[in-house]
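Two complexes, one shared chain (chain A), two partners (chain B, chain C).
And now, the complex of A and B:
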C-alpha cells in the first residue's frame, strides 16, 4: 500500500492533466457556447506529436515540444474553421454531434498514421538511471513534478493574460456578449479562432505531459477527455477556477479511490461523481444555476 | 382507379416486406448474411434513438448500454440460468425500461450537454461493470453458445435468422413510424420544439420525456437481444461508448426525424466499412469525415435531404374539413368567477416582480391586465399559467386552487395561452401545431382532428395548414398561436400581448377575432399595451405598476384615473402632450 503522500502526489499530477484539458473545454465554451467533445483528442494528438519528434526525428525534448505546440496551434485553427465555423449558428445538438464526429475522425486518423500497437515515450528526466527522487518517504517521479510545475506556470501565465492584458480582456468581453464585443470593434471571429488554438494547445500540452507515463494509443484521449468534462461540471461549468479545482479534485479522488476502494472501478468514480453533482448541485462548486427562463 | 386509394404509406409497407423477403436471398455467404443481421439489430436500436432524439429532442449517448442489457439478458438468461429465450427477452426489456426511466428522470433537471454527460456516465459505468463483474457477466471474455429463439420454424441457419431479424426490424420501423403522428408522438415533437409551450398547452413534458427514454431503451434492448442470438457470442466491448456514438451517428447521418432515415443510416454505417474495406487503414478516417460532412452540410441527414428534394413532388393530404363551429367551453352563468387571484406575489431574489396583487376574472368577460413595461404583467400571466411558482398568494381556477402546480396540470384544468414572444413549434406545420393544442381537450383522434380543423378554419389558416410554422410571417404566426390555444377548447384563454408587432390591419382582424370569441362566450385575460385595443375590447381592466395593482374597474373609468396616466407617462403634463 502506497503512502498517503504518494497517492496525493499521483492524484495531483493526474488532476493537473484533467485541469488542463478541462480548461480547454471551458475556454471554448465561454467563447462560443460549444461543448467540444473532441477536446480529449487534442490530448492524444499532443502526445503523438511529441512522440514523433522525440522518438522518430530524434529531436531534443525542448525543440520537439515547441514544434508540437506550433502544430497543435495550427490544428486548433483548422478545427475552428472546419467544425465550429460552419455550425456556429446552429443549435447545440448538431455542434455536439459534429465534435463527436470529429473525434471519431481524429482517433481513426491517428490509428492510420501511428498504428494500433501502443507506443511508449522515454521519460523527460532521468538522473543517474532513476526517474525520480525519494524525499521523506515519498517517491517523487520527475515526470509528476514536471506536470505539476508546468500546470502551475501555465495557470499563472493565463491568469495574468486574462487579468492584465488587453487581449485577455477582449476574450472575456466576447464570452460575455459577442454582439456587443463586435460593435466595439473587437474582431470576434479572429479571437474565437485564437481561443480554439489556445485550447487545443492546452489539451495537447496535457497529452505531452502524460506521454511518458501513459501508453500512447489512438484512443488514449477519450476517457481523460470525458473525465475532464466531468471535472469542469463538478467545478461549475463555464468557470475557469471551477475547471482547475474540479480537475485537481477529481484527480485526487480517483487516486485515493483507486488505492483504497477499487482499482478496476477507478474510472467509474468520476462519472458517478458527475452524475451525483448534476442531480444534486448542477451548478458545481463555482458555476451559476442552470435553467431556462420562461 | 383502384390504385388511387393505395397511399404512399402502403407502398412503403409493401416495399419493406419485399426488402425483408429478398435481402436474405440476395445477400449470400455466411459473412455477408451476418453483416445483414447486424444491420437489422443496429437499426432497431437506432430506431430507439429516432424516438428519443428525433422525436423528443433529448440526446442520449447510452444506447449501446441498452443494447448490451438486451444482449446480456439473452446471454445470461439462456446460457447461465437456462431460461426460455422469450422469458429472458422480456426480462431484458424490463431491466432496460427501468434504466430508461432512470435516465429519463434526469431530464427533469438537465438538458443539453449536461444530459449528454449523464448518459455518457451511465454508458461508461455499464461497460466497466460488465467487464469487471465477472461473477455476473462472464467478464471480458463474454458469453458463448447463445441459442436462437424458439419460433414456428427452427431458426437454425443464418439466412432464416436474417429473415426473422429483418421482419422484427420492419415491425419496429412501422411502429415507430406510426408513433410519429400519434398523440404521444406529437407531444414528443412538441417537447423537442418548445418545452415551455408544450407544457402550457397541457402536455406533461416530464412524462413524455421519460416515456421517450423508456421506449428508446426497450428498442435498444430488443436490438441487443436479436444481435446476441444472431452472433451466438457477446462480449462487453461491443457495448461501449464507441458503439453509442455509432448509434447516434447512424441516426444523424440517415436523418433523425424519420424512420426511413434511421434505417438508412444504420444500413449505411453497417455496410460502409465493408465497402471501404479496400481503403484499409484510412477507412475509418473516411467514415469519420463522412459523418462530419453530412452533419455540416445536411442538417436533416440523408433522408431529410431526399425529402427536401421531393417535397415539391408529393402533395400532402388535405386536412379534414371543419364540421360545425369552433367548440367552446363554458356552460357557467355569466359573471361567475372563473379565475380568482388573491394577494399574489412573485419575488426573484430581491426583485419584487409581483407584490400582492388581487383580481377576479369572471365568466364571459374580456379582462385586460395593463401597465407600463416591466410592471409585472407577463410575470403574473406566467405565474397564473404555472410557468413560475408563486412566492405567496392564492390562485383559484374554476374553484380549484392551482397556485404552484405544474403548467400542464393547470392547462388540463382548462386554461390555455399565447406568448408575448412567439413560442410556436417552429419546425412543425400549422396543422401539427394546432393538433397538439387540440389534444388538451381529450377525446379520440377524430375528435382532436375535428377541433383542430375548426380552430384552423376559424383563424382563416386553412390554406396554410401544411406550411411549417417558422416559414410564416410574424402576424400569421401569432394567429397560429391563437388557433393552437383555441383548439384546446379552453375555459379561460390568456392572451399575452397579442397585438404586439402587428400591422394596423392585422390589429383590426385581431379585434374582430376577440369580439367573435367573446360573443361565443369565451372568457379571456388579455395583457396588452395598445390602449385603443384595450378600450375597444375589454370589459374590465386591472392596472399594474411596480408589481402592485394601482387601479381596477370599467375601462372608461380606469383609463381616466390620474394614477393610471401617471404610471404610463410619468406625469400629467406629459399626458397632455
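And now, the complex of A and C:
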C-alpha cells in the first residue's frame, strides 16, 4: 500500500509540473491562437536564472526567486516583441515554426552560457538534511509538496482571473476576435505582451520548482514541454481547468504505467492517451466544440 | 551493355581517385585526426572532458616533435548526441581526404549505427563504447580504448556473488545499446553460476522519476543491485530518489563506470556513499594515470575522469602507431595499432588483440565518505 502511495505522490508531483507548463501554453493560446513550443524552454531558463542567483551570487532563496521572476517577465516581453510581434499578422504556422526555432536557440544559448555539465540546485526546504519526511511508509519530498501547493494556488488565481476580472474577460475577448476587441477599445498588443510575460513567468516558475529534483541541464525543458502540450490536448486546448486535469492525469498515468506495466514504455502511455483523445474526443476533456465557441 | 560498362568504368575511376587522394594525406602539412563530440543534445555533459583529454594529448605529441616531422591537428564535429547525428558527423569528417583516423564515440549505440559506414570508409576509428558486440562483428577498423561490458559484467557478478556473498540480484539498466548489452552479460554471468536475476528494470535516458523502479527493486527482495546507467544525470536522480525512498544506503549497489564520474559525485552527493562501482579509469590507478592527472590539472585546473582519459589514450595510441608505421596509409596504421603491446596508458596496459580490443582490466572501487577508493584491479580473461 505504501508503494501505491509513493507512486501516486510521484505521479501527482510530476503531473503538477506538466500542469504548470500547460497553463503557459493555454494562456498564450487563448490570447493569440498560437501554440508556443518554446514554453518548455522557459522552464529551463527559470531554473537557470534561479540557480545563477542562488548558487552563483549566493543570494537568499526568496530574493533570488523574485529577481529571477522579474527577469523572466522581461524575457517574456522580449520574446513577444522578437518572435510573436513581427509575425502576428501571418497565419499561425510561421509563428509556430518561429517558436520551435526559438526553443532550439534557447537550448543552445543555455549550453553556451551555463556549460554542458548538469548542475545541482539545493531544495527550498532542507530540514534534517533528507529534504522530506516519511509518513506511513511514503516519503514526502518537501519539494514535491511545494510543487503541488504552488500549482493549486496558481490554478485558483488563474481561474479567478479569467472568470471574474475585467482584464481576464478582455483577454478572452482578444482570443475570440482581435478586431472586435480592438474596436471595443481593448489594447490588444499590450494585452498580448502581458500574456507572454505571465506565461514565461509560469513556465519559469515550474522550472524553479523542479530544478532541485531534476538537476539543471540545457535540455531539461523539452520533455516536460512536450508532455505539457499533450496534457493540454487531453484537458481541452485553451481550457485552464483542462490543463490542470490533463497534466495531473498524465503524470499519474505515467507513474502507474511505469510501475505496473513497463518503465521503458511509460512515455508511450502518455502519447497513446493523446492519440485516443484526438480520435475519440478531439476537443479534450473540458474543451468546447469549435462550432460552439463562437 | 555498353551503358553498364561505362558505369563500371566510372565506379573504378572514382575508387582510384578516392584511393589516390587518401595516399595524398602523407604529404606535408598537419596530420588531421577527426573527433566526434556531443556538442549538443543529451550527452553534452561529457563534451568538455572528452575534448580536453584529446587536446592535452595532441599538445604533448606536438611538443615532442609531432609525427614524422608533422604536427597533429584535431578536427571536431558535433554528433548531436544521436545515432543519425554521429553517422552524419563521421561522414562529414571522412569527406576530408586528409583525415587519417577518427576518435569517437564513447556511446555504443552511436558506434553500432556508424559501423557500416566505418567498414566502408576503411579508416581507423578509436572508440570508447563498451558494448561487447562492437569489436565482435568482424570490423577491421574499430579499436577500443576501454574494456568491454562482457568484462565489466564478469567483474561485477564475480565480486557481488563471490566476495560479497549476495545471491538475489536486481538489474537496472538504460534501454539502449550499452545498457541492454550490459544486462545480457550480467544475466549470462549469473546463469554461469546457476542464478537468475530477481528483477530486471529498464529506464529511458532523460527519465526524471524512478519511483516505479525503486519500488520494484524494493519489492523484489533483492540483496544486491547491479546497474548499467548510460547518463550520469539519470544515475544521480535515481540515486537521490532511491535514498529518499529508503532503498539506499541499505541496498548493496554496484554500478557500471558512470557511477564513479565527477558529475555523479557532484549531483548525487551523499546518496552514493557506501556504493561500489567499477571503473576502467582511476587517477591513482597507475603511474601513467598519475602523470596524466598532474598534466591535466595543470592545464585545465580540473580533475581527470574516464571521459578525458579515454580520448587522451586514444590520441597517444594513435600517435604511437603512426610513429612506428612505415607510412600513414590506413592499413599501415591498423597494423601498427594491433602491434601495440604492454603500452601503459592512463586507463591501464594496452595489448591490442586481432579484434581491436586494447584493455582487459577493471578497478573495483568503493565510495567512502564521498570519494572513490580503489579496492583492487581485476584483469579478466579475454573473449
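Criterion: the second predicted complex is superposed on the first by the 286 of 294 C-alpha atoms of A that agree within 3 Å, B and C clash if a C-alpha of one lies under 4 Å from a C-alpha of the other, contacts with A are read in each partner's own complex, and residues count from 1 in each chain.
Heads up, the rule we're going with is that contacts are C-beta pairs under 8 Å (C-beta built on N, C-alpha and C of every residue); 3 or more make two chains touch, one makes a residue touch a chain.
These numbers were taken from a predicted model, which means no experiment stands behind them.
Colleague: Which term applies to chain B and chain C once both are placed on chain A by superposition, clash or fit?
Modeller: When both complexes are placed onto chain A, chain B and chain C end up clashing with one another.
Colleague: Looking at the overlay, does A:92 come into contact with chain B only (first), chain C only (second), both, or neither?
Modeller: So A:92 only meets chain B here.
Colleague: So in the superposed three-chain picture, is A:108 touching just chain B, just chain C, both, or none of them (first/second/both/neither)?
Modeller: both
Colleague: After lining up the shared chain so the two structures overlap, which partner does A:56 touch, if you call chain B first and chain C second: first, second, both or neither?
Modeller: Neither chain B nor chain C is touched by A:56.
Colleague: Kindly classify A:35 by the partners it touches after superposition: chain B alone (first), chain C alone (second), both, or neither?
Modeller: first
Colleague: Regarding the shared-chain residue A:233, is it in contact with chain B (first), chain C (second), both, or neither?
Modeller: Touch status of A:233: first partner only.
Colleague: One more residue to check, A:10. First (chain B), second (chain C), both or neither?
Modeller: Second partner only.
Colleague: Determine, under the contact definition given at the top, whether A:120 touches first (chain B), second (chain C), both, or neither.
Modeller: second
Colleague: Name the contact category of A:267: first (chain B only), second (chain C only), both, or neither.
Modeller: both
Colleague: After superposition on the shared chain, which partner residues are touched by A:217: those of chain B (first), chain C (second), both, or neither?
Modeller: The answer is second: A:217 touches chain C but not chain B.
Colleague: Check each of 37-45, 109-117 or 199-207 in chain C against chain B and return the one that clashes.
Modeller: The segment of chain C occupying space taken by chain B is 109-117.
Colleague: Take the contacts of chain A with chain B and those with chain C, and give the residues found in both.
Modeller: Looking at chain A, the two contact sets intersect at 107-108, 111, 223, 264, 267.
Colleague: Where on chain B does chain A make contact in their complex?
Modeller: Chain B reaches chain A through residues 57, 59, 106, 109-114, 116-118, 120-122, 124-125, 128-129, 132, 195-196, 241, 245, 248-249, 252, 281-282, 284-285, 287-289, 291-292, 295-296, 299, 382, 387-388.
Colleague: Please name which positions on chain C make contact with chain A in the complex.
Modeller: 40-42, 44-48, 175, 201-204, 206-209, 211-213, 215-216, 218-219, 232-233, 236-237, 240, 244-246, 263, 266-267, 269
Colleague: Which positions of chain A touch chain C when the two form their complex?
Modeller: 3, 6-7, 9-10, 14, 107-108, 111, 115-118, 120, 130-132, 134, 139, 141, 210, 213-215, 217-219, 223, 254-255, 258-260, 262-264, 266-267
Colleague: With touch defined as at the start, can you tell me which chain A residues reach chain B in the complex?
Modeller: Residues 35, 82-83, 86-87, 90, 92-94, 96-98, 100-102, 104-109, 111-112, 222-223, 226, 229-230, 233, 237, 264-265, 267-268, 271-272, 274-275, 278-279, 282, 290, 292, 294.
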